[in-house]
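See the structures that follow.
In what comes next, chain A is part of two complexes: it sits with chain B in the first one and with chain C in the second one.
Up next, the complex of A and B:
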């Protein structure tokens, strides 16, 4: 039987994963028994070559190539793996950590550059919006009624007794300032450069 | 079971409820007003970062710093309890509260960001927000008051064949906080029961994701819609008329894309989609256009209302009992 041998010097990647801000204090990656429950319930695994069990194995074996492996971008972030894991591991959370590592290294930026307009809108309005490149496809797929909805949304909200969804100016300034000081603004600039 | 509050509630605005299904918000307010839930909507509250966060565009510290600002807004207006209409707001806010309470380094970093932004007075102190006892989905608030809801029902919806879709980011992320089932979720089934509707209960694919998968819908559309199509097929096999939702992103995936999938697969599902807030409001006699906001749906709700003997022209509900033939 093949077992995963954890050598002392071969646990750098798993240590980095556990140190990440996203990693829950009780994240049970060391308890993984490679049972495969995660992969068996995974919509990404059903539709693509993504395999959360294999991703966890590679992290435990300190295989850094997993970070830039294209398959990690096929996770649906549905956390079904998390909800069935008998060991308290969370493949979905680890996936998100690996994606951030890939972004930090540079390669992963190509995967998110298509969504940068969402960040711009967030800083302008305090709410994100779907980038126009994707929005155009949605109008085509859903139909012209979808465009009408977008044009009339403020009137519809008024009819429903709801106020404007755009934040007051002072609140937007606060949000923008937070995103400037958190490094998000710079991050967005860097991501845009890889276009 | 955990304590669920009915006062001091910040009704947390959701980006997708705002611009896709605003009727979810008006329906929630309609119900809250009738079951004496004390709530507040704050125009200063920012979006949770949801779509951008799970697209991996946002880093965790930025998302958490924005959450800290929103937590402070909730506390300073005396609405320490947060109720969300979107499952992703639920997951993100709980995650951020956990990080702020458990990770000192991250907390200090967030407070430094707030200081640098001249928001010193908004600093987060450990324990300010309890992820389990202060953050809820509105469906949980309804569940806690289901007897009151039952006593207010005006419209008989029991003739419909109803199934439920429990959002992944409610059930599966912080599963220790989930009520009424994780692998076999029944929260909205029980809410339907409270308004006199027995759902079909378990069905194949009941706990499967809607398929949106954040980036998947945009960059991997075929895989995303294949997941949605399988679930729609399972519902069709069960002869379901209406699917109930608790997350606007799931609702979009089904309502916006059902006609597209029908065309691609050359089939018909003919399934209506309503959020649980819209469904309860309907049972309580709310107006379909002025409260439920069915005019923003892609799959028209009018045929469903016709079956319920609603007179759409007059916008007035006709008493179901009175419409029944005397013989």
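Up next, the complex of A and C:
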């Protein structure tokens, strides 16, 4: 049985969440009435065991295991929960803060390894593009047309009267320099080591 | 007698008696009484123990008679505590020829150091002496209002208030915008009650009241009318009521309905929440009062068919509207509410499917005089629903844009009522209420339990979406108790929409200058001790115009409002005479003072600008507007303010700092609380009580600086109707200081609140510190 002890234990998690740089100044987590409206519209909750309402409850109850819970990685960041919340709370935002906490702890690193290819794309091309390791999934979701698009992209763009999407060498160097100096490159390396 | 005792002699020759109270050591332990006595210049200065005692009355009266005193200063506790006592003790002098110096709460209790406390006491007494020299004998204002009232809004609140007023012999005019009275109550059909499980019939309860109102000789019912303008005059209200032409002569119409039969125009019937049609000539419902037909001006095509068929010659298509002036003593705002606009919440698909309805629409469907004659049939196909799902808190408890942050208070009971009625008549229909919290306080809990025992299902979760496929609705929510996302299939969805202030509530409040809450309901003067009064004396509020509430509470408020009007009429009001006074020889009737006054206190009568002492608070905002110096505030004349400042700054030492703090009555009480709680404040602060910061003008501020003030504080309670002006004034005053080469930081403005006296004490300390820094730099 859980006991709420007379001697108050400091409730730290919700304070850490609110102090996070990502937290909006008017984030209404304390005003949550656990109505479940967020969960009712959440596509992640419909497909998986992710429950934004329950995630908020665990934060409010100082349950730090929520950070290590796999379910928080099932949020799509679609912000529908935020658009319906009657209390001015934002489950998506809190989810992202918790994920960052998980990443900082190290555990969450594994969850984002597969996304490092996006980082590589920035380094190599100066822009974000869907990495090749996702192509199979894209074909599964969209159909074989996806690969046609990928292969013939230059021709399709020319037909549509659009210019090349490849950045000039100089611009790519500049982007790379920014990513290097801002520590992005090191961070990427660190994450890749988790593989 | 009071008038006789005032001798017309110059201020210098006035004999002033100063009575110093030791207050059982409360004052004399900290203030050097001997030094105080010898430092004050007056005809008589004596110190006594406990002047407020009965013995004090004899001392003061005997001294006045023996020494032939013209004015009295009592230096003792706060005037809040004992001014009324000493006003009686100075008899045979006029009570307003007394001035008190607050040397306890604002001196001995906040300045423990004997030397500085004594210095401060001397200046407080000096200020009172200087001020009392300019005191005028005044009489308290006694006013009675006309024995008549206007009630705006003909719903259950307005009808109840009108009946109570009429029964007390007060002539009452009931003004209703719609062609019939009865408001929302006649539409809801069945009512829930605190004690009973049985639902009562709304029409059966309302009809006797409506009939009594129709028959009552003291009530005049005016339907199809709205308030167009309002003016406040000497405690009365001059109203302009605009009536829309009914185009049917009320006295002739026998309500046979032939006209509606031949009328070719069909429009949606708002009385049935637009679920049925009516004609352009119509009577909203069978029992409507007045029992006459009305032509809907927006939709009538003037074809004349109704005129041809009417045997009573009751139809007059050329009838024009009129504007009716009336004068009443009091006004009741009973303008009711409207329901939440569902266009703001498209996620519930309202308006896209006929079988997604509001609770009010469900009430009409289940009303015996509704579209289905009381049968629960789905609007789309006239079949009995298999499952009704009710969604609570639609637009209520909602911080999203357009939402209402408050709980609409009645929706839980309304949903349970409809669920119970459905279960009684259609036991095979499943009813599910999706809720966040069920709120059925007090006796209503019994009805809630009754619903549970009837098999009404309750699921805790707030639906985020209602979707439709092949005529079946899916209500999506999370069952927060079993912790799983849930989809409920339903064939009738009912939305419990929020109660919002009606347009009438907002318009009427604007015309009467009555304050509104953040949510635009009518603001009460005080939610506990003055629950049905508004900021305008003589205007009262009841029912849902004041906030969401049920019929029971609306009727209670309506009766309370009527009782308050009765108090005003029978008892009259005795008021302090500290109000604006006009010098007609200087007044040019420019009306600027009338325009600025939010209390509607100034008006022109028989070519003379007059001030209603009931409405006037003596705030002084009008003085700023008057270019001819025709206005004075009694008890706060320019001479009195200047004299008080002079007294406060008299004999200031070169190394001493003195700060003048002008505080309104709230700020003054807050400052007293600093003393009562024995919190030390800088001895530099000298407090002057002023009705409103609007009274303080550049000349007062400049005079204070000229006479040696080192800083000035102004403090006002922000929730008064003139506060917005005050803020503008402060900015103006600072500009004046800049123009006169005075650092504007030497003037500080604070919001004051009675309970936040510690905050005020801190402000005093901070400002004193800042002033010291300014002086050294």
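Basically, the second predicted complex is superposed on the first by the 178 of 195 C-alpha atoms of A that agree within 3 Å, B and C clash if a C-alpha of one lies under 4 Å from a C-alpha of the other, contacts with A are read in each partner's own complex, and residues count from 1 in each chain.
Here is the rule we go by: contacts are C-beta pairs under 8 Å (C-beta built on N, C-alpha and C of every residue); 3 or more make two chains touch, one makes a residue touch a chain.
No experiment lies behind these values; they were computed from the predicted model shown.
S.K.: Of the partners chain B and chain C, which touch A:165 in the superposed model: first, second, both, neither?
M.R.: Touch status of A:165: first partner only.
S.K.: Determine, under the contact definition given at the top, whether A:84 touches first (chain B), second (chain C), both, or neither.
M.R.: both
S.K.: Who does A:40 touch here: chain B (first), chain C (second), both, or neither?
M.R.: second
S.K.: Is A:156 touching anything from chain B or chain C once the two structures are fitted on A? First, second, both or neither.
M.R.: A:156 contacts chain B only, not chain C.
S.K.: Considering only touches as defined above, state whether A:99 meets chain B (first), chain C (second), both or neither.
M.R.: first
S.K.: Figure out whether A:189 sits in contact with chain B (first) or chain C (second), or with both, or with neither.
M.R.: neither
S.K.: Tell me which touches more residues of chain A here: chain C or chain B.
M.R.: After superposition, B is the partner touching more of chain A.
S.K.: May I ask you to decide whether A:28 touches chain B, chain C, both, or neither, giving the answer as first, second, both or neither?
M.R.: Once the two structures are laid over each other on A, A:28 reaches chain C alone.
S.K.: Does any part of chain A touch chain B in one structure and chain C in the other, and if so which residues?
M.R.: Chain A residues touching both partners: 46, 80, 83-84.
S.K.: In the complex formed with chain A, which residues of chain B make contact?
M.R.: 13, 15, 18-20, 22-23, 25-26, 29, 41, 43-47, 49-52, 54-62, 64-66, 69, 91, 98-99, 102-103, 106, 112-114, 116-119, 168-169, 171-173, 175, 182-183, 207-209, 211-216, 218-220, 223-224, 226-227, 256-257, 259-260, 289-291, 293, 295-296, 298
S.K.: Using the touch definition from the top, list the residues of chain A that touch chain C in their complex.
M.R.: 28, 31, 33-42, 45-46, 51, 53-54, 80, 83-88
S.K.: Give every residue of chain A touching chain B within the complex, in rising order.
M.R.: Where chain A meets chain B, its residues are 21-22, 24-25, 43-44, 46-48, 73-80, 82-84, 96, 99-100, 103, 108, 111-112, 114-116, 118-119, 122, 126-130, 134, 137-138, 141-143, 145-146, 149-150, 153, 156-157, 159-165, 167-168, 170-171, 174-175, 177-184, 187-188, 191.
S.K.: In the complex, go through chain C and note every residue touching chain A.
M.R.: 347, 393, 397-400, 403, 436-437, 460-465, 476-480, 483, 485-486
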